[in-house]
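Could you have a look at this structure, given as structure tokens, before my questions?
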Amino acid sequence: MKKICVVIGSRANYSSVKSAMLAIKRHPDLKLMVVAAASAVLDRYGSVVNLMEKDGFAITERLHFLLEGETPTTMAKSTGIGLIELSSAFERLKPDVVITVGDRFETMATTLAAAYMNIPIAHTMGGEVTGTIDESIRHAVTKFSHIHFPASRDAAERIEKLGEPTDTIFRVGCPRIDLVAEILQDRPSTLTEKLFELGVGDKINLGHPFVLVSQHPVTTEYGAGEHQIWATLSAVKRTGMQAIVLWPNADAGADDIARGIRKWREQGLAENMHFFKNLPIDIYVQLMAHTKCLVGNSSSGIREGAYIGTPVVNIGSRQNARERGSNVLDANYDENEIYRAIVTQSAKGRGRSEDIYGDGAAGEKIANVLAKIGSVKLQKTITY
Amino acid sequence: MKKICVVIGSRANYSSVKSAMLAIKRHPDLKLMVVAAASAVLDRYGSVVNLMEKDGFAITERLHFLLEGETPTTMAKSTGIGLIELSSAFERLKPDVVITVGDRFETMATTLAAAYMNIPIAHTMGGEVTGTIDESIRHAVTKFSHIHFPASRDAAERIEKLGEPTDTIFRVGCPRIDLVAEILQDRPSTLTEKLFELGVGDKINLGHPFVLVSQHPVTTEYGAGEHQIWATLSAVKRTGMQAIVLWPNADAGADDIARGIRKWREQGLAENMHFFKNLPIDIYVQLMAHTKCLVGNSSSGIREGAYIGTPVVNIGSRQNARERGSNVLDANYDENEIYRAIVTQSAKGRGRSEDIYGDGAAGEKIANVLAKIGSVKLQKTITY
Amino acid sequence: MKKICVVIGSRANYSSVKSAMLAIKRHPDLKLMVVAAASAVLDRYGSVVNLMEKDGFAITERLHFLLEGETPTTMAKSTGIGLIELSSAFERLKPDVVITVGDRFETMATTLAAAYMNIPIAHTMGGEVTGTIDESIRHAVTKFSHIHFPASRDAAERIEKLGEPTDTIFRVGCPRIDLVAEILQDRPSTLTEKLFELGVGDKINLGHPFVLVSQHPVTTEYGAGEHQIWATLSAVKRTGMQAIVLWPNADAGADDIARGIRKWREQGLAENMHFFKNLPIDIYVQLMAHTKCLVGNSSSGIREGAYIGTPVVNIGSRQNARERGSNVLDANYDENEIYRAIVTQSAKGRGRSEDIYGDGAAGEKIANVLAKIGSVKLQKTITY
Amino acid sequence: MKKICVVIGSRANYSSVKSAMLAIKRHPDLKLMVVAAASAVLDRYGSVVNLMEKDGFAITERLHFLLEGETPTTMAKSTGIGLIELSSAFERLKPDVVITVGDRFETMATTLAAAYMNIPIAHTMGGEVTGTIDESIRHAVTKFSHIHFPASRDAAERIEKLGEPTDTIFRVGCPRIDLVAEILQDRPSTLTEKLFELGVGDKINLGHPFVLVSQHPVTTEYGAGEHQIWATLSAVKRTGMQAIVLWPNADAGADDIARGIRKWREQGLAENMHFFKNLPIDIYVQLMAHTKCLVGNSSSGIREGAYIGTPVVNIGSRQNARERGSNVLDANYDENEIYRAIVTQSAKGRGRSEDIYGDGAAGEKIANVLAKIGSVKLQKTITY
């Protein structure tokens, strides 16, 4: 049995690879090991560990390596502590393949630890273009990885251009879309107004139009977050629609955005707005299916949005150059521009599903590749 | 004045960037900061710090982050500790540009720390092909770097293919060649038999033919080092020539090679052989100019060897696919094959100088680019 | 000029040594260096750094070493990261004396780093008895320290019994009392109901009776915090008085107490209660002077309480065996017992000032000792 | 079954607790877990791990946390990395008791990690007086420990004076003496001149008088090591006797002593001297039984020397105030003084056995206490 070790460092990580984890767990020739780490082991970020256990996954190791602070310096240090902890974990677990997800600091730590320790690395969601430090991390991880699972066709092409051998690149689609497909097709809607007993702020009437806001810090624009979220909230307020606002993730600069949100609330501006630290993925997807418009810079607007058909106003540079469907309209960090874009997008209604980031079977494909693939050539060489 | 911070993590690092450091120090618009780290601050590796001070450089910071062990796991952990220490150092020093050299674990730590902290990164010796974990590190570092200083033309082309903008790539040649040029042209030869009062083993008669051996561990072949060095030493012994043997560097697996050398000596096989932990670069270059043949897997055979015209027997995979001149003959880890290659090469004598890795003015060119370049675009995007 | 380096790791640390810092800063023969670290550099804990700067202190270094999680494991790891960061800081700063405050994890890290580096250590607030891991840390720090500044007479005696030379023990009183004295004597009361625009929950009418609650986790009772705070809040509610509730500090187990407080609020039980993450020390002292009763396990009840005359209900084991005045009544983690104790204490009114923990001039005395003391014998030997 | 976890950080650690490990392993109610760490996992220090495996112990975890450098700063940092690694190990292993040995930096790391994680700590060899940073560490570890196993009567008394409850102190003797007793009574002497095929230097004729030298760095005299060892070697040379010289341990300052030894050899002064990095304990004990005189500052002279009756010249401050028998003569770091002391001691011959540090059954006693002891009170309070 091949031992496949997945490192989950955040809620986003988990959603991005959950369907592959399920398929690996089910596969007769594979054995799944789950290392929960960084914000995934913290109550403060909504205890992803509990969620995984509820979903039937046994947690093999729990590693703490998120340094408090959320500044550029602490992210570098967290990566360092992660390397120390993950190398010990890999030494004990001796996995045959390590799966590293996406482009976050824990992705980098996972990749470096495995690379030094001569463990084959499989990378999901490589080859995409976003335009922040995530972009550098993502391509760097590609240069360390032995098996590539890009989500989209242009991502696969980009990995090849980066000098990776064609026979190591498997365009499987994005595993997040697997979850979206399942939620939209199989489950009865769990959207009720009981939802608003969690979080803080006013209740939202789901029968009336509402905007969904999800805006994260841009690490290369450190310090600007408070101003950025303020422009967005002002524009949303001007539309007169209700709004559901999500807290930022744990990247450098999150404190700025959080401060902006807190001030907004303290100044009494948050009428008809509700605020959540986290939302279960199924609730989030259903909100995406029902919102008039998703506003912010979350990748979900580009990726899940394409599949769901959600109208999206994408703000600023965070998703720059990510391949996008007809559902997305871009805007700068400018209240007027954002306001106009929301008005335009809200008028369109939910669009048709586009297949850019996968067809809903990525997890299954990943497990099959891992089971079939022979011994991996550890010593990488660029193809040109 | 632009503050240019160079991180020196080993003796090899220092030789690879010394001429650029001299040029930066002399440049009226630049201010040099030197961070000495990892093996560069350790007596055990020949105190590179003292050497730098003797060369007139003030050491701005000294950082310890080399974990004992030299296993794959400890190299991952050393990278982690390096990230913790370097991020603190950069926070204090606030450099305008960080120069990161080559492809070692401290190169990776330097790069990641600077990248998270939004400090522009200049990378020397990127774009080359070698075929070990160094290769992955080198290309990953390229994907984080904002200014590229490749040594050779095909390295420059490779960086462009990796998706870096043409106007960020400056083919300057290798700064190590600057040192070689200076040593060969200006200085009277310091090669005397007093040399052999350092190190251990028999004295070498420099008037008679001698072989130079420099063989390092290959991290992806961890555990094989003892056998590998044994084959080399056996082949050298069979030629009947005298030999000067260098100790391996601090990469994972160094203990294996060191053990092989110790056993060789303890079994009384080391007649007419002399062993050095380290050699000053000028001695080493002069030995390269006088040896019948350089044997092993050191990059110096390929790079400095091309400029000097040294006959080289290059063993195994460590320098795979590195661009090479007519002075190099490859061999596998096989006593017979190595023996025959030494015989062939020793018969040739020193060859003509080839200009593949630079013309001796790389340092000057680097300083000029750093002085002239305007503000660097921190947010990187792949060109395709 | 003797360089005196103070390491401030939390808001409590700062209040505990601020008057000594002021006196050192003013002293002509001393130079103050301030290292801000751990929770003192974090927004989440109320940015103690900003507070110090507002108070006129220049911050020499800022160190991040608080790992997220607040479990026993992460406190051990935070101590470890602290050692790594503090040793680098001390190497740069080369202080003549390091002041380490009290008994927290950063106190331990500070002490170990200085001890290994042969820097004389001055310890404030040693020799006290509390009965948690703080107790072990405090006495261990005493065994590493060269100069002792205990707050009370029995603390001084205990340090001597621990085998420390009498001439290294200076009973100066507690510097926190210096601040209390100043606040109560000099400043006009800043207590107004504007206070309740910060924090969350109902407004408190300061003209009517109110209880002050400050309850922290007990690290050796990890996991019990939620139940413990619930008993306290229930007892307080039963008295019918208004309540001001403070968030727990960052020790292991803080999440449990925080969860208890959150649930209490979410279940709608928090009528007439107001909740603060932090309070400025002057506000806190004035609240102590006006509250009917301080409830919980904060050391402030025992120490500042004695000086102010605040009636205190001290719950559970955290302050076990700390020398206490006539203002304190103890209770177990039991709703009924706590309820009865609050009723008894609230009936007493503010009592007379007791001089157990100092007379308000501790800071001045500390600075004078540090200035006068000759060279410290680094090599410690137990006296028996 | 109670899980008893021993952390072994060095060869000295292992010898100091091996007989207790054997007794724990044999005991029906105890389960032994062995964590090998720091220099115990390094080839460079003689691979203690291999030795333990040869002795029949299974290694539960291997942890790397020794930072290269052996300066005061790196020892602080190694302690920090040790805390990070050990806390992860304890979290996985969940031992019922952790045994921490003596007074080294890994002892401190082990103790702090266990203390934060609420694991009962048993400490061997506490309560002794030595007069270096070891002394502070040892007493600090006592203040964190729940069960005390001092070696000598005055050590037991000292622990009690430090405020530890009498019923937690078990005077069992030193487990190292158990090994010595066994070696001297049961085994045929393995001392032959084949011994000198290991190490470097001249062969020693064991039939003629020889001196044994074992000198370690004193951390509070950092920088003086080279001069100190030089005085010793000069004095030894002057006696005209042969000498067996041991390499220093890994404490801060070891590089100084090592440099001194290297220079001594390089200057051709090492006639009739042989040098070992390490010696198996049985060889060492037999050398102690046959040497004319043991010279240096090793604790073995004081402790094992008392039991064996070895004449000892104890140099400098490292063993200051350690309880000693009639076999020891003290000397300062002065060639003349050391020379005269060696002459005096060498004339005496081996003396009678003294029972200060144990009767040879310490290991058995430790296992029995651990098996019988009920639940340990985690929350420590000083007795006065």
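So that you can tell them apart, the chains are marked A, B, C and D in the order they are listed, and the count of residues begins at 1 in each.
Heads up, the rule we're going with is that a contact is a pair of C-beta atoms (placed from the backbone, for glycine too) under 8 Å apart; a residue touches a chain by one contact, two chains touch by 3 or more.
Values in this document were obtained by computation on a predicted structure and should not be read as measured data.
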Need the most distant chain from subunit D, centre defined as the mean of C-alpha atoms.
A
Chain pair with the higher count of C-beta pairs in contact (A-C, B-C)
A-C
Can you give the whole-Å distance between the Cα centres of subunit A and subunit C?
40
For subunit B paired with subunit C, centre-to-centre distance based on mean C-alpha positions, whole Å:
52
Please list all residues of subunit C that touch 2 or more other chains.
73, 77, 81, 84, 88, 91
Which residues, counting only subunit B, touch subunit C once they are in their complex?
61-63, 81, 84-85, 88, 91-92
Interface residues, subunit C side, partner subunit D - complex:
72-73, 75-77, 79-84, 86-88, 90-91, 105, 108-109, 112-113, 115-118, 129, 131-133, 135-136, 139-141, 143-144, 158, 161-163, 219-220, 222, 252, 317, 320-321, 378-382, 384
In the complex formed with subunit C, which residues of subunit A make contact?
39, 41-44, 64-69, 71, 73-74, 77, 81, 255, 259, 266
